[in-house]
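These notes open a run of structures that come right after.
Both complexes below contain chain A, partnered by chain B and then by chain C.
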Partner chain A sequence: MSEMNNKELRKSTPVTIQADENQMALDDGRRVKVLSPGMMVFKRFIRNKLAIAGICILVFMFAFSFLGGLISPYGEAQVFHKTDSANKELADSEINKTFRFYDMDGGNATYDIRTSFQKGIGKNPDGFSFTAGSNTYVVEKLGEDFYTISGNIELGTVKVSAGEETAFVPADGQEVADELAAAAVAAVAGDQGAKPALPAISKPGAKTVKKDVTFDWEGATYTLKPSDTGSDYTLLSEPREFAVASKLRVFAFDEQYSALTSDYNFRRSSELALRSVEADTDADGNAYYPIQAFTYIGEDGVETEYRMKKIDEAYGIVEDIHEEEILSVSNFFVSPYYPDVRFTREFWEALKAGIAGRQTTFEFVNSVGETEKYDLIKKDNNDNNYTIKTGQDTYLIDAFASPTSEHWLGTDEHGMDVLTRLMYGGRISLMVGFVVMILENIIGIIVGGISGYFGGWVDTLLMRFVDLFNSIPYYPMMIIAGAIMDSFDVDAKVRLYLMMAIMGIMGWTGVARVVRGQILSLREQEFMVATEATGIPVSRRIFKHLVPNVMPLLIVQATMGLGGIILTEATLSFLGLGIKYPLASWGSIINASSDMYVMTNCWYVWIPAGLLIVLTVLGFNFVGDGLRDAFDPKMKR
Partner chain B sequence: MSERSENVLEVRNLCKYFPIKAGLFSRVVGHVHAVENVSFTLKRGTTMGLVGESGCGKTTVGKTLLNLTPKTSGDVIFNGNVELDKMSAKQLREFRPKIQIIFQDPYASLSPRLPVGEIIGEAVREHHLVPDNELNAYVSRIMKSCGLFDYQKDRYPHEFSGGQRQRICIARAIALNPDFIVCDEPVSALDVSIQAQIINLLEDLQKEYNLTYLFISHDLSVVQHISDTVGVMYLGNMVEYAGKEEIFANPLHPYTKALFSAIPIPDPTVKMNRIILEGSIPSPANPPKGCKFHTRCRECRGVCSRIQPKELDMGNGHMVACHIYDPESGYDKEEAK
Partner chain C sequence: MWKFIVRRVFLALIIVVLGSFIIYGVMRAMPTSFVEAQARQRAAASATTGGPTYKEWLDQLTKAYHMDTDVVTGFVNWLGNVIQGDFGTSWKYGVPVIQKFNDVIWYSVVLNCITIFLEIIICIPLGIQAARHQYSGFDYGITVFAMLCISLPTFFLATLLKYTFVIKLKWIEDLYGIVGRYHEQLSQGDQILDMMRHMILPVLTLAMLNIGGLTRYTRTNMLEVLNADYIRTARAKGLPERKVINKHAFRNTLIPLVSYMSYLIPSLFSGSMITETLYQIPGIGYIAYDAMVAGDLPFTMFYSMFGLILTQISLMLADIMYAVVDPRVRVN
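Up next is the complex of A and B:
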């Protein structure tokens, strides 16, 4: 039956063909599966392993960028901080072995006096007198390594020179009342009046006799001592105690007592108290130091009572009358680097113990109960000198942190999580790619379509316009645009949109050319002539016949072009012309590698971004290649 | 539409010149004389064969008739009063279904991205020839009458063989219920067995729908089979035009004689008396003066190279353009070269 049908079919005229609707022969056309061109393309595409690999890459990239941002616990521009124990140098400390001098108010232990004291003290530990300059000073021992220095204090100089007015110049650090200065000048003048300053004839070898001039002012006697060489006079006060020399130092535990530490009287009386305490034995036969009360007379004459708690020969704690420990007297020096640094008694003790034990670190429990660690660094290889460093916690931006379980790819220079930045950067990179591609294609299809369909002078005009666009240098243009946006301080988001617009406007010419060429050749095809012959309207001819035939090529072109656009965006961002902080793009993330340090040490910042770009572009190219092969009916693979 | 006149098509002095552009400003430096002074009349329900060498302007005649390329001069009148070049674009579009064309290359003339049903039915729907709800059935009927199967409607052209594609092309033309179809070498791209099918199909359809064909071909056997009248073209000119029997029995023009002598006779014992034309066809951009055929004509005499021959009615609708049959031309008085 079927055979007959087939025979009939071959020789018959169409009118006699009776299609058998019920029975099918083996070679019946109805057995062949109907595939639309789209399905054929899809079938060919999914057979292409490379294209499937590309699709997988792209699916991963999209999931990574668009879902990753939702999953990631961190924000796009979330900055991470760390508390780093920055080894901050806090203070120098020293066990004092030399004498230090403390001047009384108005006293002045000059360099001459200090050196003379140091020279003499070794031979005469119980006190001596010495001459410095033209004055004599007396050193008096008050206790172990504790001396006072007395003598005349140089207050200033009365300068006498011919032709100039006699003037008084105060000595360094001295404040001399104007009236006293005037009295001194007057006394000198009186002296000068009695004797001419310069004899008319000066005989060689003859000694000019000069005498001290004394005068009284406000109940005190002052001496004007003529200098050896000139006609000047030095103004000296009455001999009195003006400085102490000691190996101890007073250190306040609290800010409010710091004034006392620089007070001469307090220092003298507290140290005297420490020196005067004698060891006693308690009932059990243990030696101990009894607490000694002492009185401090302030400058205003107010007497205050304090208690000295001696701990050893060179260390005592001063309490106020409420038995609160306020300061220490010891041979132990701490010079803080910062003026506001104060040490508590506990810290003080810990530090002292640390140095005494020659330790390199010591710990200290502060008032809040936290354990603070300090390092002791020996200074100048001297057992007595140390620098105290704290492990002080500093709140820092956690930049360039290595990968951890919290930050899988570490952090970047802004202290942001690199993985999260990559996710958000992927959004922007992919978005830029697609938006620019769509923009390019819209403009390109319109211009190319008009040009190709209408031809003639329209074509010529539009294509010359395309040539004009093509001759604009791309990168200089983008650099200029970037610079302009920089100078106008454009917001990062606006900048992103502008950049996409510029890239789209600069890039549509290729699409226009392809579309135009394709439409020009399609327009002459017989099936297009047939549509004209059958009287199909122009719009339908364009959208139903031309466009579907241009579409495959455009899809391939666009897919291939996407990779290029992403690369361009990455390049621009890398050069700092594209996406700006706080927005991220893969290119701008790689930008960090322009720093040599990051390049060599922080692979986790820029290598992943680079890999993502390479993979994405590769993916788009694979898919593009696959589409091209799939759309090409001659490809039988 | 206009009242049904006896003559579907009247062509008077149809000319088509293609400009030759050259130089920087695309200056027109000359014309290709593709069609010159072609006149003929087609009666309803008849087939006119148009034969001639490659490049003699047959296809241009077909396309110019349908205004697919605008004519340079002359008149083309359909159904007694319709002139395409005087219509507005809208009117032209509406008249298009009445005049159809079947192309030579069935591969290039079908859009590769549309299913066959859509290709055939598209224009029908656009012109509202049948109600939308009957369109599907209508397309099926047309396909069946063209030897196609209903189930092939959803297939795409690339799934069909050349013969099937040509059937699709024919179906597309037939579906619009035309009066007149230009068959532009519809079988030349097909193998001989398929040619016969297509020719038979065309003949059957002609009977069924009372169609008028202009059958352009360089295959004389096919023309002899299908035509009622035959026109012979040489270099843009119609050199001879007559009824099929008349022209095959009694070809007058030397070119026609030469052409017809090339028809193979399927009998190896018969010695063929072929007239071999020498030289090649002259350039239509620079056609010879006088009779265009005189450069290759055996019977050429002096007058032939000087004066273009007039069309002579030799009786019985037999037209020929040759000085040999024109007593006024003075051909007889000149010596043969």
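Up next is the complex of A and C:
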């Protein structure tokens, strides 16, 4: 390309003169234009396809970085959020098929009692009695699958052993008043005291038959039953009803009624009411269940009236006297995962229907009229057990979102729009390039100019200084500088300025060498003798007459150097030594790819930034190359 | 000539010493040094058992690491030891610096040797072909390719290669390291093959980055030679084009290439910090990078001084080789 320009240059001048000989005077403006060296350079430059490509790339990059930031609807550090509907587990539900026991005081229906009940109930559905431990219990049927258990309750043991003080040990889960314990111990002591006369001479092998000891305490009769083996006594209360066994459970629709669900009397009376409702026939001959009122006597003796609305054998709704549905009695159990969750009757029935229909999801229209969707997950491969899941909205930073029409290149790890970050990052990358380049050239021209002009010991000294600077290992120096800035916790902006300063200081030696080399030869030329003869001051001679002659070479070098500076800045930022969050540069954006996850899954975060760097550096190199060819076709290197 | 070399060596020594001093000064200026980090760690570890506090540890360790002197005295002491051949013990690696250097340098040398060999067999033919067909489509292609290689950031190229060959195509199994997971169980030959496989991507990265420069250099020199009068003479004599290129032109192109190569020889040993770090090849570059980040003063000083010496040697070599290869160059 440039050779062509060269030939043309040689040819075109005379041709132009010949052709326009008649119309053109010697000082014609057009001829001056043709001969202008700046114009020649420009002409040669624009004929270079690669250089034009480079210019196009650079114009695009500048527009992208400096105008893009204005056009982009998002801010440099605008964080985007998303609401994620993570499926959260809401509750477990179960259609109960087994007997559950409900204790009056808790802990009375021991494991022995429960297993004996389960064993016996299959054969004797109408009630039976069984022995567990050394006591007899009575099971009484109150309704379909609804039983009460009564008998003595084991309250504790009086331990008697020789040499030690007689002590009372309460049974698991029992709270026994100290006075009662003392009374029991006293009763045992009285029994023991009466004994010694009897078994003084006993035949070997003969059983010493111990008798039950009874005593009264606060109006109730208690029994102390001697154990078969030792000398201990078991304290038993009077026989009474202490537990119900049922396949149903009471479930409150509202928080304020939850106390009732754990009340023994309420439970017993509500279930009894459910069992006792008989089907009736209305005027049209359809079977229905009449509403039945029942009375609940609270612990404080207050009587409250409720109404039982039976729906089927295993499901009834309890209303208060204002006909407001407050509870359900059902074999359908729902246990929420969170203590504050309550379900309305509508939800509860929708859930029940969903499970009965073996559905995997069900929908429910809530009181506001919104449709909520719930998933039903079968548990333990059991048709009766399900976990209910629902989409709970969580407010999150939208990190590493895939490209969409809103975010063309997705979002980065801070939830910022990658395309916008690239635009603002481009500003910093380009700015660093230019600032460092200008800084390098200022220092380089001053040092090189002085060194080249004066020569001698000044030259030697300055050049050795250049050598020294040139040989300091670049990356170690930058790594240490980065570590120092890290430990001082320098602000991102200040860090940017400091980094540009350090890069400038580390990089000026090349410029100084070029300037010095050129000036060394230029200063021997005649025009310098002329400047000396006319008495122009030294500083003017260097910077007005010598340096401008070096300018073409400097411009070429600076353009090529810009690419290098952008690469260095990107590398430093990639290593985490350069630009830091919240500022961005193209290098620091690619830094995200050191994370394996981002590299593998989020190409849109790091590949565009890399391409921008490559294109920009390529653009500067093309333009620099074109400029070199244009300035001096013979220089071509 | 000898006077020049002696003067050059003397100058190089001064630069090496001053350069080391600058690095030493900057290292000592780091506010959070290796010693402080160690003291903090040990104080935290001994806090429960009622051991020495941070301050006590710091004093003790500062003494142990000879950090209780001022910068100039510290540097003079260090330099004194270096002259006696003692670079000290690496703080981070806990072994003598020289021993660690011996362990790792060969990875870098092998890596760089393969790279340079690859570069030469790719770049020289490409450059020569491009020059022979100047301004052809092929030439433009080569120019753009060379420019592209020069413009590639190391880290982006490395990440891109990893993404393509390891993650997408799965031709290579490991992203990092020099040996595979089952390296110890392999036979000797397989062990070498295993290491070679792990060198593919680093070599490719380094070669790609350097191909551009060497290709363009070859092309420019070849162009210069092809425009020379003796080539016209050779052609005028009626020599076949192959002979002109191979015998007359190529041999003359070698002069600047050889001096360029001699410049490369010291860089064989300097390692490639960025590439080695990206691939975690335990060569001198990666090891030094880790040491520097940790604030390991002896190793950093050694590495910096090593770098300074290599730069000086390559500069001197370039000067001398230029005179040796081209007798027209007179040194004065």
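Basically, the second predicted complex is superposed on the first by the 544 of 637 C-alpha atoms of A that agree within 3 Å, B and C clash if a C-alpha of one lies under 4 Å from a C-alpha of the other, contacts with A are read in each partner's own complex, and residues count from 1 in each chain.
Operating definition for what follows: contacts are C-beta pairs under 8 Å (C-beta built on N, C-alpha and C of every residue); 3 or more make two chains touch, one makes a residue touch a chain.
The structure presented is a predicted model; accordingly, all values stated were derived computationally and were not measured.
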Touching partner for A:Trp603 - first (chain B), second (chain C), both, neither: second
Which superposed partner A:Leu274 touches (first chain B, second chain C, both, neither): neither
Partner chain(s) touched by A:Ile472 [first = chain B, second = chain C, both, neither]: second
Which superposed partner A:Ile565 touches (first chain B, second chain C, both, neither): neither
Comparing the two partners chain B and chain C, which touches a greater set of residues in chain A: C
Residues on chain A lying within both footprints (that of chain B and that of chain C): none
Complex contacts: residues of chain A adjacent to chain C: 1, 3-4, 49-50, 464, 467-468, 470-473, 475-477, 479-481, 483-484, 487-488, 563, 567, 570-571, 574-575, 587, 590, 593, 596, 599-600, 603, 606-607, 610, 613-615, 617-618, 621-622, 625, 636-637
Interface residues, chain B side, partner chain A - complex: 63, 66, 68, 92-97, 99-101, 103, 105, 108-115, 122-123, 126-127, 144-147, 149-152, 154-156, 158-159, 167, 169, 172-173, 176, 197, 200-201, 204-205, 208
Contacting residues of chain A [partner chain B, same complex]: 13-15, 17, 19, 29-30, 32, 34-37, 525-527, 529-537, 540, 544-545, 548-549, 633
Of all residues in chain C, those that touch chain A in their complex: 11, 14-16, 18-19, 22-23, 26-27, 29-32, 134-135, 140, 143-144, 147-148, 150-156, 159-160, 162-163, 167, 175, 220, 223, 273-274, 277, 288-289, 292-293, 295, 300, 303-304, 307-308, 311-312
